[in-house]
Structure formats: structure tokens, C-alpha cells
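This structure is in C-alpha cells; I'll ask about it shortly.
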């Protein structure tokens, strides 16, 4: 079926003017074909004797369909070209970008992702075209990170150096003063025991939650201990974001914040603390959590020391320490009894607050812990 | 799904530990020494561990029993006392 | 159900019915019914004042169209194909595109020029061009490429409402394609995502759109989901839509029937680098016509033009990972 118009896709064979056995010369009309433009005489370009007619009158066939065979014809040639075309691989590939000989080949998106999840590119194997490190490779590495102590160790030593630098700077630049206050923790312990007994394991509270909330409440009431010290002096913060010192297994300490800790219910603080500890140990902290603490709380837990004298985390201006709760002699109604005693300590920036204010601040925390039902 | 006493408890306890603290080297855990003495295992870890035992074994663990969970051997003994017999009510 | 050709005709009829200032002129649009039968029967319906057969001189009748637009009419000039528009290049680039600017806004040229474009019918090197990308280089012109039935019908109306000269490129391979009209409003300002996907953004227009959609179906069977974005307007380009898509999929493949050198595909690639470089997970790729004058024999013409196979192979290579 010939193409009889630029946009013709198919034509209808109306009538044959030849039959098998007819001799055809160049220019002879061999058939009538109907198209959008009307009925058209189809002329022969070849010469020869007709062997067979393939398409019957009345059939509509696409342009290019064989209509008749001449003696000695072969359709194979055409078929060959078609199959050659089908088998052809794209040879017109675009020039590949020249890749650097030295260094790693990383896609821009992968590089950005590696930075945000804390994956070290030197530890990632690139599986993209030409060995490029892609998003998929970085995400795979991030998922594997917690199961690879070696990579974590490298990150941890970097962390230790950072902590060392920060603590040194703090001790050098901030004039620390220290206060200590002991308290009878028995009412808090009893309240906690009662609270926890009434609830299944996943809903219970750790003592740390009481310490965080009591400190946060006290900080909301005494602004000189809650905020950042910068080039323009001290800026008190209206919000109280309590940094919680969390130890990393194998060494190192980070103190991400629980935001608005003074306003959150204890159960919420517990959940967030649990989530923070899990993420810190798994290496998935968010930068907003690290930078936003307005003061910090550090607790020894059951480590066994009476009191903890912490170092302020710049640019904060105070840090509250809680020693281990230990049975100690305590004066009750004029006689000595044995009570679980907790030592609260405060290290604060003497440029921003003084001992009298510090003592009041510690007293507020203690009072909060004496009435845990109000926290 | 609640687990029962049937299979050996120690490997399952170790598996649970690995889930809550994936960075612990399980092969190096000494069965009788306190977890706290072998690797950093603080009150949060203990809490998560108790919560996982509660969820996996269907056991309510009162706070005063937490000290039974502090080493592998003690924890296994505690679970054996508390879990139902296999096939029993 | 309507063909692209019929949709174009419907768009013309609507425009002619709505506004007496609209008229159509071009070679063989009247008595012959249009080289591609788009304007069949319009002469009978609207008369010789509204459907005007012109002499065989592109420069003359495009100039006349510019003059008519300057004088307050709304002419639709049909240039038989983009191949012949080259004879009216000076009129289009130096008059239609510039008069508004050069006159300080006093002489706007609200002209619509329709042209057939593209290859695939064995019309050989001089009659198979795709120059819409080239025209998209010129400030002062709007360039659109309707691919769907909806756009074939609706873009003309939107173009007539624009005060700028608008060039509409109608690919010849689409003329018999059939589809349903949805009746949705048609603009000439934005692109459209014809098939959403997650792994790769394909940017294309015109007849190549359907090759990309076919490729998408094949790739989906292999678990690769490509997003196919129909550019629709080539000047101005819908940067916002393009970048939103590329930022999401992190990979871009441009399929353009023009040649690659100094083309629309090069422009798109550069814009992506300018606006979304840090979101890319792989080098930008393109599938264009081979850098040769379009061949006449069918098998060579097919090999020169972008093919579904090549689009599929390129997309696969872009998302490939050694396992």
C-alpha cells in the first residue's frame, strides 16, 4: 500500500486492475485505492509478472502492507530490516561526563544526604553507573550504620574531640561557681513507686523525668539560668529547652534538648527521653535538638557518686547535676534516720547570676521534687 | 505473640538485648556478670529491656523486680519462675 | 471520541464563531480544505472573508497577518509546515517578535501562527524539521506544542486571548490520533504531568509525548516508575513544574525531536543545573534526533528519530545499580 499523502496511514483497496499471470509494465495502473482525499489510481514502479494478489478488494490496510507478489519477489528482505531495527541497541548514547581520577564520584543529592544523616562518604561503596555513589547507596549505608562499630568508632572519636574542645573552652571562658544542695528523695521515690505500680511496664516513668521537669519549672521561674550568652551578652530565653546529658556507649556525651520541658506532661517527657536516647545511640540526632538547649541537666544515675560537679555547655549559662540516690543519715524531727538522699548541684555563669540566686534556683528544684504530684 | 518457657531462654533474651541496644557485642556477653559492668547499661536501657520483655513474654514486671534483670543468668532464672509451663494454662 | 485533526478544526470553528475579528489565512486553507485537511469545510461555513487562500509567499502573507494584527484584527496565519516558515523568518523574528518592544508597547502584535511540524512520513531532509525549539530562543514570541486532543482544541483559543504573537506547532504524526475531550480549561502558560512517577522525570512535548508514555508502560513492567511531563509551552518554560518534579525524582531525561546541539534539550538541561543541581542523583540525559539531515528511507528515518526503545534503554541506564 503506497503512501499517497503526507499524513496517510492506511488505504482501502477498492479494485484490482491486474490478476495473477498479468504482465505489468512501469506506469501501468495496477489498483484503485481509496484515501481521505478520494479514489486514486495506483501505478506500478516495477516490471514483472504477477504471481499472487495478497490483499482482497474492500480491505483497509496500513501504508507499507504488501498488496501483491511478483514472480521472483521475496518479502524476506524487508523482514530482515525490521528485525535488524528491533535488535538494535541505542548506539547514540550521550557522551559520559568525564569523571575525576582521584577522589570519590558522588551525585550532588547523595552528597547532601550523606551530610544530613552523618554518613562518611569514604565508607560508602558506589553502585551507580560508573561506580558513582548515589542516594540509594547513602541510604543503604545510613541504615547499616548502627550495626557497624568501626564507622561508629570513627564518628565517636571525632565526637570526643569536639566535646574536649567545647569543655576546655567552657572552663577557660566561663567563670563557674558551684552550689550543692542535699534533699530527702523518699517522697519522690514513693510517689514514683505508686505511679509505676499502677501501670504496665511501657507506661512507667524513670526518676530522670522528675528531675528534668522540676528543673524546667524552676528555670521558667528564674530566668538567669535559662538562655544563651553571646557576643551581645546574656539573652534569657522565654522557652525552656532542657538539654539532657546522654552517655554514648563506649564514651562520649551529647546533650540534646527536650523542647518546652516546663510545659509537657511527665508521660510526654518520658516518651521523648526514650526516643532521644534511642536516636542518640543510633546516631540519628537532629541539629535543632543539639543547638536549642537553653540549660542542661546531667544525672549520674546509679553510678555511685554522691554528687556531680558538671561543666557548663556553652553558650548556656547553667547546668544542674544530680548525684546518685544513696541511703544516708538524715535528720528527721531532731533524730538521725536513714533516708535516700539526692545531691543537687548547680554550676552557673558568675557573669549572669550569683550565689544567692543560684541557691534560690536549687531550692525551687528541690521543692518541685518534694511535690512530684504537682509536676 | 507471647513466648513460653518451651525453648531455651538465654538466646531469646540476648536477641531482645540486641534489639534494644544494637551496638552491644552479643558474643562477648558474660552470662553471670551484671550487664552494667560489661557495657554501658543505664536506667533507660533497663527500662527498655523490661518493656521489651513485657511485650514479648506477656509478663508484667513490677518495678521492684527490675534488679532481677541485671544479668543474663538472673534474668533467665526470673523468667523461668514467672512464665507459664509450656502447654499449660 | 475525536481525532487531533478534528480537534484542531473544532478549535478553529469556535474561534471563528466567537469573534468576528478572527480570520484564517494561508496556502490552500480554503478551497482545498487544508494540506492536512484540518480546515476542511470551513470555507463553506464561514465564507471567503474569514477563510482566505493566500499566494505562495510565506513572507508576504505572514507580513499581511502582522499588519492585520497591528490594525486590530485577530488573524490566524497557517504556514503549511515549519519548513516553509523559514521563508518568513524575518517577518516572524524581526517584526512580529519585536514591534511591541520597539514601539514602547504602542504596537502589540496579537498574531497566532499555526504550523505543522515534525518528521516520520519520509518527507526527507528539507521537509521534516522540528524547529519549535529554535523559535523558543526568541524573546517576544510564545511557543506552544499541543500534544493531546484537549490541547489541540483549546490552545488556539488561549493563544488568541494572548496579546503576544503565539506560534502553535502541530506535529504531523498526531493528526490521526484519537482521544476523548474532557472539557477542561486549557491555558498556554503551564506544563502538565501526564503520568506521575517516582524514579525519573521525563521532559518532552508534541509527538514525543506518546513515545514517552509507551516507554513508561514498558518500564513500569520492570519496576521503574517514570514521571512524564508534557512541557506544552516551550517559551516560556514552566520552570516551577519542571523543578518540582526533578527535585522529587532526582533524575531528568529530556526527549526532544530536535537535534541536540544548541537545542531546547540543552536549555532544559542548563536550567535544571541552575535550579536543581544539588537534587540530582545522576547526570541529566537526553534522547534527540541523530545529528544528521533527516533521511528519506523509512528504516533510516526511524533510526534517526527518538524511539521508544532508546527512551527505555536510556531510562534503565540512569536508574541502574549493581546489586
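Order of writing sets the labels: A, B and C. Residues in every chain begin at 1.
Here is the rule we use: a residue touches a chain if its C-beta (ideal position, glycine included) is under 8 Å from a C-beta of that chain, and two chains touch if they have at least 3 such contacts.
No experiment lies behind these values; they were computed from the predicted model shown.
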Chain centre (avg CA) closest to assembly CA average -> A
Greatest Cα-centre separation from chain C belongs to chain B
Mind checking the centre-to-centre distance between chain A and chain B? Centres are C-alpha means, answer in whole Å. 31
Rounded to the nearest Å, the gap separating the Cα centres of chain A and chain C is 41
Mean-CA-position distance for chain C and chain B (Å): 69
Which of the residues in chain A end up touching chain B in this complex? 146-147, 149, 152, 193, 196-197, 200-202, 204, 206-208, 247-250, 273-274, 277-278, 281-282, 301-302
Tell me, which parts of chain B touch chain A in their complex? 21-25, 36, 39-40, 42-44, 47-48, 50-51, 53-55, 60-64
With touch defined as at the start, can you tell me which chain A residues reach chain C in the complex? 3, 6-7, 9, 36-37, 64, 81, 85-86, 88-90, 92-94, 96-97, 107-112, 127-129, 132, 134-137
Chain C contacts chain A in the complex at 35-37, 121-123, 172, 175-176, 250, 260, 277-283, 285-286, 290, 298-299, 302-303, 307, 309-310, 313-314, 317-318, 320-323
